[in-house]
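Quick one: structure below, then a few questions.
Order of writing sets the labels: A, B and C. Residues in every chain begin at 1.
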Amino acid sequence: MWAFIFLAIPVSFYLVVVIYPLVSSFYYSFTDWNGFSDTYNFVGLDNFERMKTDRLFRNAIENTVLWTAAAIVVPTTIGLLIALALHERGILSRVYKSLFYLPICLSLVVIGQVWIWIYQPGFGLINIVLKEIGLSQYMRAFLADPDTALQSVIAAWSWQQIATAMVIFLAGLTAVPKELTEAAEIDGAGYWRTVRHVIVPLLRPASIVVIALSVINSLKSFDILYMMTRGGPFHSSDNLAMMMYNESFQKYYMGYGSAVAVVLFLITLVVIIFYFRQQRGLEQLYD
Amino acid sequence: MSKRRIFHLLILAVIVLSTNAVLVGAQSEVSIVHYYSDALGQATMAGILEGFNAANPEYAVVDNSAGHEDFKTQILVTIAGNNPPDIFSYWAGARTQFIVDAERLTPLDDWWTETGLDEVVPAGVKAAGTHNGHVYNVPMNVHVVGFFYNPKVMEAAGITEMPATWDEFLTVCEALKASGVAPIALGSRNRWPAQYWFDYTVSRTAGPEYRTKLMNGEAKYSDPEVQVAMEAWKQLTDAGYFAADANAYDWDEAANMVANGDAAMTLMGTWITGLWNANGLEPITDYDFFPFPVIDPEIPVVVHGSIDGWVIPTNAKNPDGAKALLAWMLTPEVQQTWALGQGALAASTAIDQTAYNPVMAKAAAYLATVDFLSGYDLSTTPPMAEGGLDMFAMFMNDPAGYVDYLAETQLVFDDVFGG
Amino acid sequence: MTEATRAVSIPVDSASATSRRAPLSARLRTVILYLLLTALLILYSLPSIGVVLTSLKSNAEIGREGIWTLPDQASLENFRVAWETGNAQKYLLNSLKVTIPATVISILFGVLTGYALSKLSFPGSDSLFTFLVAGMFIPPQVVMIPLFRMFNRAGLYDTLWPMIIVHIGFGIPICTLVMKNFFSTIPTAIREAAVIDGANELRVLIRVMLPLSLPSLAVLATLQFTWIWNDFLWPVIFTRSDDARTIMFGLASLRGQYSVAYGTQSAMALIASVPTLVIFIFFQKYFIRGLTLGSVKG
């Protein structure tokens, strides 16, 4: 009874604002709508058939997988390390925390531009440094090179994602008994062992949130990619979100774009169901 | 409270309400959405709209601007959702054609004639906004694409005459290269700046008629004509005339290379003058213009560029207000303010031509003598343009492989135009 | 104490007993740690420093020498322009009007769903949880058109309401995920004890559970505030007049068709980041342990 009372308003809100629009836009994936016209034809599964032979779709799937894999590892690990280093270290660590948090406060529009200037071949930061320290053979146009464009964007994205991971781990660390972290701290040799075998397992609820968020953001990531490469050069950094945008709003294949969105949604749904199955043990652990 | 007082109050209330209603009724709202969202464009446009409000107190303009891509999304969603603005800016050419074909734009032929625009707008400019025989896109300004160069760099390489033919152009490039600067800067990270190379090489070697066919799907990317054009472009990349890593830069960075003297010239639209003027460069002394050279003297010369115009959607709530505003946009005063503010050429020739700076005057003079054709992404249908733009960027990355890229582009073509 | 914590705390107790007296080396450790952290922080902050450098330069200067040099003469001109011509004040106010209610209500909803799904589970509650969390995966571009039609019909177009409503709706998944995960770490015994004392579920939630969940609420508030604040897609779709625009939209708009005012944009980005930083600093104090454990033990 109470469960119903608590759930009624949020769930109905969610149904109206999120699910209803989602379902109604899935409808377009069975049409050839161009986005502008009043009229369109019902084409059945044509849009889904088309994906089978679409090189761009295949490419976008591969890039999305790579991005997701990086999302599971990179921001999570670095975010955890920073959180451990900053957890409860007095007033100075508060200042540090804020500085580490700054990246997510800055607008992506501006961040994307600065990362372009970091990767720029001529006056870009990385290349300036490489030149100064005599490693000019490694200088390159990172974003213009199809071999490095995607990785470069993922690095920039991870940079911002780290801040999110750090915040969640910091909150998660509040649930770890103080004696544990302190003791591990003093006993230097055992520190990493304690982190691995004691603190990390205790951070499981936080890790679930961090990984879920990281994966989700990677699957949806669009803004920073759009700012930095628009999926280029020649689609080498396209992901599914970018492809969906291109099909729907650049080429005006709204029907096909919606179909890509359906696939993106289904993939992620499978991922999350699988993921939560894995985490099912959580409640038992804490009860 | 006595009944009389209540009665008086009621009367008062009715009077207040009705005067309010009259006031509200007298002013009809005209909503406008445009993509002039940078500080300068926004300010100039706001001034123009204020002028309209002052001259036409019966209308109240709701001004709205968004950056390029946000703008495109916003327009699509508001049209699809049946609440579009009364008037919005749009690129003349294939993009307007697309919305015309979706039957979402109002034809403006009668309004055009009534306003007497045939007398002030050149036929070629009008043609760019005419689709299926009707005027849909009313031009606001014209940008022409040509070479913008740094005169000091040219001088240092001993070049005094700007090239008019392809051979002269090659000689100039060679001299520049010998003097130690990159002859040509190109920033094709966002692909479109590379398109003008394709535009000009095709229309200068195969002719404007062929190019129009190619854009409309009546000629193919596998044609020998296209290969000839690509070979002309490749001649320049093979000789090392382009600054390195074109795909790593945006067009404004290429413009900076020219301004800083690291490169001599860039093939770009007149909007580049807006950027340079804002950065304190002086026309003629710091930058100058020459048109794309002639490759085949037998072929009629055209100029490529883009036209920004205004369109009125079919489901506009206030089409009369939109037309009144549109007429205001085409008055000589507004046209002049706008052109000078934007570094663009006015669509109307009724403005004071001497107001242009000397470089813009050159561009205007050139436009007056030749036919106008829109640039690639405004000339061919949007999905085809996506395929073509990819090809240009791939070409800049690896010119030697262009035959393969053309084959890929032809696949896109087959898909779009039904092979 | 729970099974898990008790099990793991044994080796640690012995470890701390052996090396408790080492204040000097501990202090040295802290110093080294801070040195390392500072190096890492500087490296990590390079992009942010890039934004600051950009904000201090004129476009002409950026054009001449890029951004990775110190400005010829640092000037706050960009900040003045951003503040005055960018309509920053009005936009900031609109952003607050959207962000604060959307943050508060989405977290409130998350608390309700998270508690119901973790402590009052019923047949099908796992599926409902997956269903609610799945909303996180929806790319916003997909639902733009249906949402636009909905708000247009409701007469809410060109007001701040659509943004508030959409951010609440799309905030439900993450808030549910975080709150459910958090509540599931609180021993059921605590709730049961309160129920036996005669408290109803609402009371248990407010009096017992909420005080325990302050760190989670703080992290959610911080993140939700930041995300909603930084959004600029929805204002593009749902508003037309200047009166309903947010700061992030104003910022994105500075990128014109043919020109970008890099300096002004960076200055505005820095101005716009102040509220989110303030929120972070404010909520940071709840990241400090004590509350949780104290209550659990009591």
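As a working rule, a contact is a pair of C-beta atoms (placed from the backbone, for glycine too) under 8 Å apart; a residue touches a chain by one contact, two chains touch by 3 or more.
Because the structure is predicted, anything quoted here is derived from the model rather than measured.
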| item | value |
| --- | --- |
| Chain occupying the middle, per Cα centroid | A |
| Chain pair with more C-beta contacts, A-C versus B-C | A-C |
| Most distant chain from chain A by Cα centroid | B |
| Inter-centroid spacing, chain B versus chain A (mean Cα positions, whole Å) | 36 |
| Centre distance in Å when chain B and chain C are each reduced to the mean of their C-alpha atoms | 40 |
| Chain centre separation (chain A, chain C; CA means) in Å | 15 |
| Junction residues of chain A - those touching two or more other chains | 120, 122, 249 |
| Interface hub residues of chain C, defined as touching at least two other chains | 141, 145, 232, 252, 255, 260 |
| Shared-contact residues (touching 2 or more other chains) in chain B | 73, 80 |
| Chain A-touching residues of chain B, taken from the complex the two chains share | 69, 72-73, 76, 79-80, 98-99, 102-104, 189-191, 244-249, 253, 382-383, 386, 390, 393-394, 397 |
| Sites on chain C touched by chain B in the complex | 59-60, 63-64, 81, 85-86, 141, 144-145, 148-149, 152, 157, 232-233, 236-237, 239-242, 249, 252-261, 264 |
| Residue numbers on chain A that touch chain C, as the complex places them | 2-3, 6-7, 9-11, 13-14, 16-22, 24-25, 82, 85-86, 88-89, 92, 94, 96-111, 113-115, 117-118, 120, 122-125, 128, 156, 159, 162, 164, 167-168, 170-171, 173-180, 182-188, 190, 194, 197-198, 201-202, 205-206, 208-209, 212-213, 216, 219-220, 222, 241, 244-245, 248-249, 258, 261, 264-265, 268-269, 272-273, 276, 282-283, 285-287 |
| Chain C residues within the chain A interface of the complex | 2, 4-5, 8-9, 11-13, 15-16, 18-20, 22, 26, 29-30, 33-34, 36-37, 40-41, 44-48, 50-51, 54, 65-68, 109-110, 112-113, 115-118, 120-122, 125-126, 128-130, 132-139, 141-143, 145-147, 150, 165-166, 168-170, 172, 174, 176-178, 181-182, 184-188, 200-202, 205, 215-216, 218-219, 222-223, 226, 230, 232, 248, 251-252, 255, 260, 262, 265-266, 269-270, 272-273, 276-277, 280-281, 284, 286-293 |
| Chain A residues touching chain B - in the complex, by the definition given at the top | 34-38, 119-122, 141, 143-144, 146, 226, 229-230, 232-235, 246, 249-253 |
